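To keep things simple, chains are lettered A, B and C as they appear, and every chain counts its residues starting from 1.
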């Protein structure tokens, strides 16, 4: 779907906040209904998910300690009538080894976030039979 | 090179499609000649490449099974007179371990893609002696 | 903080340059004071950092050889009165295994870089007690 451009936000989430809920609160407060997100920083005790198709749910992977947030990439759209951020993250440990998946939660040590608002027709996540909430796929 | 901004597309590629060719078809259909791409989702049986300079070609790494598409990052420019997407990906397995490189192919389970069109002078990939097709480098 | 959009640059850094200083020089030359960065390519002998909170400094991880630059993600703001790029990278080895963290340096084999300028009030990094130079956090 095609969108026009809205506002651009570049900001730091305060230390101690939970990253994903802070992004969702930011979107709600500023009324960002559609958008893209990218971020870097450092997260503590992040939990990530791997979607198990056969079970129709995420397997939760709990990482202990402090990780470089090497990349957070995702988007904002509407789910259950509210702005909802879907974010995947890549996380680096002390040896530089990377772990990652679907972000479930993570405590912010540092988070530098870019949100780019998009404007247009509502982009809505709808529950699917496979357990995921997805936009309609782009028609051919 | 400096570009002005064109259209913004945020969309989901249908399940079952091959990711890279779907992006290339989208660019062709919508006449996106220059742009940037980012995406997250889930891919099946992705193939990634590692460029071996001494051989002047990519070593192909075939990953089996389903992987979280933790990041897809890249750009669109012209190669052989057509829009061409160059994309690198980071992929997470069931344990949260990450693999990645130059995307060769991957079957879409979920793919949420953002394409930002850029407008300006043609940006063209030209074959190089080292085996790669590259833009002219930015002058000092 | 909210910003308006400035210029858009998509370009290739010449082979042999050091990636991070090339980005900083580009920002300085073109007077990009605020912005976002993303890039893909291939880097040689990259050095990455993992921030050790208890020591208030980065542990340096030196990677030898050639790595796919799977993702470079970051931003530009002002530090010590000059444009300063803060970039995190994900790097893939010959087997597709990923390493990453805070980019310290890396020699460019290929680097395709997108810089999006933002315009607005100065965004400034200030030294913190924890050893990092950070923007003021977004107010609630």
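Criterion: contacts are C-beta pairs under 8 Å (C-beta built on N, C-alpha and C of every residue); 3 or more make two chains touch, one makes a residue touch a chain.
Per UniProt, the chains are A, B, C = DNA-binding protein.
Since the model is a prediction, treat every value here as computed from it, not as a measurement.
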| item | value |
| --- | --- |
| Touch-based graph of the chains, sorted into line, ring, star, complete or other | complete |
| Angle, in degrees to the nearest 5, of the Cα rotation that carries subunit B (DNA-binding protein) onto subunit C (DNA-binding protein) | 120 |
| Between subunit A (DNA-binding protein) and subunit B (DNA-binding protein), centroid-to-centroid distance (C-alpha), Å | 21 |
| Numbers and ranges of subunit A (DNA-binding protein) residues touching at least 2 other chains | 5, 38, 71, 73, 90, 98 |
| Touch list for subunit B (DNA-binding protein) against partner subunit A (DNA-binding protein), complex | 5, 7-15, 26, 38-40, 42, 66, 68-71, 73, 90, 92-98, 109-110, 112, 114 |
| Partner subunit A (DNA-binding protein), residues of subunit C (DNA-binding protein) touching it in the complex | 1-5, 34, 36, 38, 48-53, 59, 61, 63, 71, 73-75, 86-90, 98-102, 118, 123, 132, 134-138 |
